[in-house]
């Protein structure tokens, strides 16, 4: 199949459909409206369900229902709408349902603006909802990856029975790039736990409520075990020029694209810099930091959220510097280069 | 005034009223219903407004309105209800309004149960809502402190124009203890920014929306500056037996009470252990960790959330161990002691 | 003769059945059941109509009716 | 004679005023305004009734009426 | 001194009140005290218990794992909590509604609190009989202070209620353990 | 080779489409390409711009700070973006609606694109005139491929629309810079 | 001798956690009976609320989903749209359906989802300790209206069934009462009709049941039934609303 | 010569970001005029929505609050309860008021808050690019109903004003249209009445304005007014509803 020009929002939607997503519920919000519109246009034609929900809260709970009934289900929104979904996401995690949630982040806090941002990293990676749960979080840096990672998110969500988040930003959602669509529909796994009517088996229940003393702790221990396995198995990242790097830049999503340009420019000037681009944000790709290295520069469109994960991994074993802007500000290649120049020696 | 026996929920409510809180909106949820009921009983009699909102989302937005109009305003809930308030809290932070939010945490994720828990630490300290904002977070460990810290929360919220969270758990909310009520009503600060009608001045606007390029980044920089000041000024903690401690336990809220018992028992047996009890969770009391010490044991009713803050402070400079249970499980004094015995030497 | 059975250990002693039996055939018992409440019992020998009013009103599905 | 003024630079050229003027006194202009749209103008010398229909319908509050 | 007491029975038996009276009494004596309620899923007729800790020292957990005393008002509670009494602890059992295990080695006071309360004309004061008998065995709080608490708590317009509560408390104090 | 182009004008001028045609053309030539739209608060009649980057290499930010070329369709956009052209850059201006600053030192093509489009019978094809004149100056994508794109994008049931677009593109290519 | 009233198959034979005289037990049983009689046990997917009936799935013997408080109809929409062959109903209290869940209720109804709703109106929040519900009567005392509900401050008892009846997507609404054997028979009929509507594809159907909460009404179970008849049904008139 | 129609004081003399022919500008102006005429500019606290009118506070010259999308009536409740001496109104689109904000709308109305609501029904989500609104007409094409709204899938245009009229706490509801000079005069009257009600303590009042969105209706401004008259007002009949 030839490449086609597609926006990130469209590619994510198409990736979902290719992954066998047959239920989508969402509520409009910029900068992810194209995704909702794509679903409105395509789902009915291609055998899926599209619902424009009355609100984000309803949308996430519709997804809870569809996921409980055993189908691949998705919702999408942008920052304020994702905040509203936190209770629902916590329920999905607690009921161990697989589902995909897309957050095309915009500037915050509050109504903020519609400029790209990465300020919801904490919310995504550290359970913005209540309770000790995690979502698998994947952060595409290109439109192609928007497509690929969404496809992947569904299979990981099913595999572990956890909610998975695609964390993009307004740049990624709205830009167009060439994409290669891989059109093999996956085999969908059996879901004996799903609610399908109890013919020929005991009744199934989808729930996160455990009243009897000890039962909720048991669920939590089960979740923790699962999370350990995910941490062991599902760390993903991209690296560039790390072999001899004195300084590794760390950036994800759209930010990583700019960081990559900076790295290339700096290499051209003989600076030994490299790049770690986390692709899975949770689990955070600790393995990428295994090799001893002197210095890191974390770059975000926010004020130091992923920074904490880098610090937690390195635990004082390397110097960690930070460059971040927020509220629509995007660290430019020049800013990165000048920051690198400042910290590269010494 | 003599001490009276009061539940944590009641003490928090009374602390708010004493602090001049004149608007409360909430929606029932266990284990904080006594707080709502106390407000229902007392606010109307004492010149305040009580509204049982139709839902948590409405409650937090009513608080937005009352706070924007210049009065001290509060809402309370427990974990799932607090998840629903995340968008509203982000708006309050973005519009720089002072308000107090009480979370009497219960077991999660999802509906979970009504047992005490500390699993919403991340949500409280790392902005469960969208955007780069922070709430001031205070964690009472006794009913008296429930009263005192709520009183304090209002004045800090006003001082910095930020949302402040009282983070308690079901134990604290429902237990009764003797409390001394201090009944001086504070002088309320002037709020020239409040919405009161534009008589004699330019029109005021309460908002978090900044469309013009650069404006939202400016707001964010202003917020970050404020947060730096709060970090410098408002770290609070309690310490016990730290002077010669080889091992410091770190625990907050109800958990710290049990840790304290354990410390006393261990001291009686000649073990040099001490306790750091963070009272402000955000800002995290980094200053308490300034003195070099070998070992720490972090104890939580959750699976290692505050742990990250301790690790971030220590940055590899000390050994950090962890003991945690969740979903209603509470690490007991015995479990703490046996963990200490295991790690004390070596 | 129609009759009813009462699941004594599920009974919560709400007495709703007592109130609706046109024949007054259901009465409270003194001895506590496993739940710690006083269940009701069927007064045998009365003229049970098999009307099932008692069964209809029982919130705890304790009563079955035979006719 | 009643007349109107039109704030040319606020005008968005929606032409609603044109449609409601019973006297046909408002017409589109060819030259663009600062917004880059073709604003309307008042044809002086006509029989303006001062009825204010134009002002009433203008979504952008461009029109004031004198009588 | 730290005394940890679990009081358990079913909703409607005045379990929470019993604990509160004890806690208020301790407060009058300037002790440290905590009271912690727990409810089952049942609103009414279900299990209910509370935990009271009284101490000369700051109190750690209000939650009690191993108690110094159990005040048990019915069989279900006995079954549920008997394992949570220290070997040196005191068991107070309402034998109207629970049959204490003969094999138990701990000090036990058992009495037909409910029957006594019925005898006093108000089944609801069984809790005060139980409290009285606990206090007779363990003077953690002086009966005078408990009396004061009861007097303060009682609705002023129902003097007869106060009297029957006081009578129940007295009846309780007459129990001997053994 | 990396070419960064900002295309700006007002809503309704076909700004986004201009960018997309260019991007699709680049895709046909197997180049790396990104297209990034930006909308103001106004839905209609407001400012609109998009950014197209075409490169032989992987592209970093789709957002352009300093452009290699500006295609400017009205005065407001000119004022807003003229500072974002590299010294070595190319400025393409629609002089029907914008007056290029004489003091600018950069290479400039200016033409009355809107007037030309009106002349062609469809004011909306001013964007294609502009594209044509840009391509005449910078052969980042071959005009043949752009033609292909236009042919593919055009609604099949409106052949006259296709024709006028092609005509507009051609007119554009006849511009000389200077 | 025939058993003429027996324990329905769809109801597990276990004791419930409900208070003596609580209407939830009744409603559960009637729904189970209807499911049995319509022979749809193996097709049913129920959505339990958050409220006193939160563990309804421990009592019913068919597939069930939980839903976050108030979101039962969103969850049910998700289920029914992807499994139209199943029979999906929600069971919701007044707080769940008419306070926090108002939005989900109205829009699921307005979409005309082919769903069945069992709405337990007990004029109070049972699970959380007897607070005011949207359906609480004027002057009724609750833990959050200690002086009784005051129209000036808390507004009026919300008749959401009447509001829903305005929506073209809604096909059947009836208000019944769990207050006497006669009314219980009517209730059962309404329940069956509401389920049958779904089976036949008619569309959104709702049965509102006035249901006793003796505990938070501060009444005996018997007096609670009287109160329904004499007081509550005055404010919430029984009968087919649509 | 007298100025008989002039720019209201409460409206700042700045260009708006609205599309040509958009009804928001009209509604803003009429509200500003009413505020001026009632002499309440210094007492007003308005609550702006999230929708195309999100920056209404840049246009009005009196105190304003933002509200999260859909929560204007919750915010207004908070303001009015603590400042009863002020005149508090919300200004909300159909998505804001009747989709995401349905719960807040219904319960503020049911509490009978002494508030005024200006409800801009343009049958579409303007701000986010023309998606279906709860008020979108059947067969109307929007970006999320590319084949037109289908009653089977998306339900019916929601007449929330009619639903609200059932609530005893609601004192006045009128539906008007921003479609001609005559209707605009009526609109202004309704706006004044709704504000006066609050001044006089009458209680919850709402004015629903059918308002043109030429952009997402795909019509010229003039045709948009025709469409209101001939199509939209058929589905949403004008007049006093309560």
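A few notes on this one:
Lettered A, B, C, D, E, F, G and H in written order, each chain numbered from 1.
Please note the rule applied: a contact is a pair of C-beta atoms (placed from the backbone, for glycine too) under 8 Å apart; a residue touches a chain by one contact, two chains touch by 3 or more.
It should be emphasised that the depicted structure is a prediction, and the values quoted were computed from it without experimental measurement.
Separation of chain B from chain C in touch steps, taking the shortest path, is 2. Counting only chains that touch, the fewest steps needed to get from chain A to chain D is 2. Taking the mean of the C-alpha atoms as each chain's centre, chain C and chain D sit 85 Å apart.
Computed centre separation for the pair chain A/chain H is 38 angstrom, with centres defined by C-alpha atoms. One finds 59 Å separating the Cα centroids of chain A and chain C. Residue positions of chain B touching 2 or more other chains: 54-55, 57, 80, 87, 91, 95, 110-111, 207-209, 211. Residue positions of chain C with contacts to 2 or more other chains are 12, 35, 37.
In chain E, the residues touching two or more other chains are 41, 45. Applying the touch criterion to all chain pairs gives A-B, A-F, A-G, A-H, B-E, B-G, B-H, C-E, C-G, D-F, D-H, E-G, F-H, G-H.
Interface residues of chain E facing chain B in the complex, by the touch rule stated above, are 20, 23-24, 27, 32-37, 58-63, 65. Residue ranges on chain D touching chain H, taken from their complex, read 3, 9-10, 12-16, 19-20, 35, 37, 50, 52-53, 55-61, 63-67. Chain H contributes residues 99-100, 102-103, 106-107, 110-112, 134, 151-156, 158-159, 162-163, 166-169 to its touches with chain G in the complex. Within the complex formed with chain D, the residues of chain H that make contact are 1-8, 11, 13, 15-16, 18-26, 29, 180-181, 184-185, 214, 220-222, 225. Interface residues of chain A, counted against chain H in their complex, comprise 27-30, 33, 36-37, 40-41, 44, 50, 52, 54-56, 80, 110-111.
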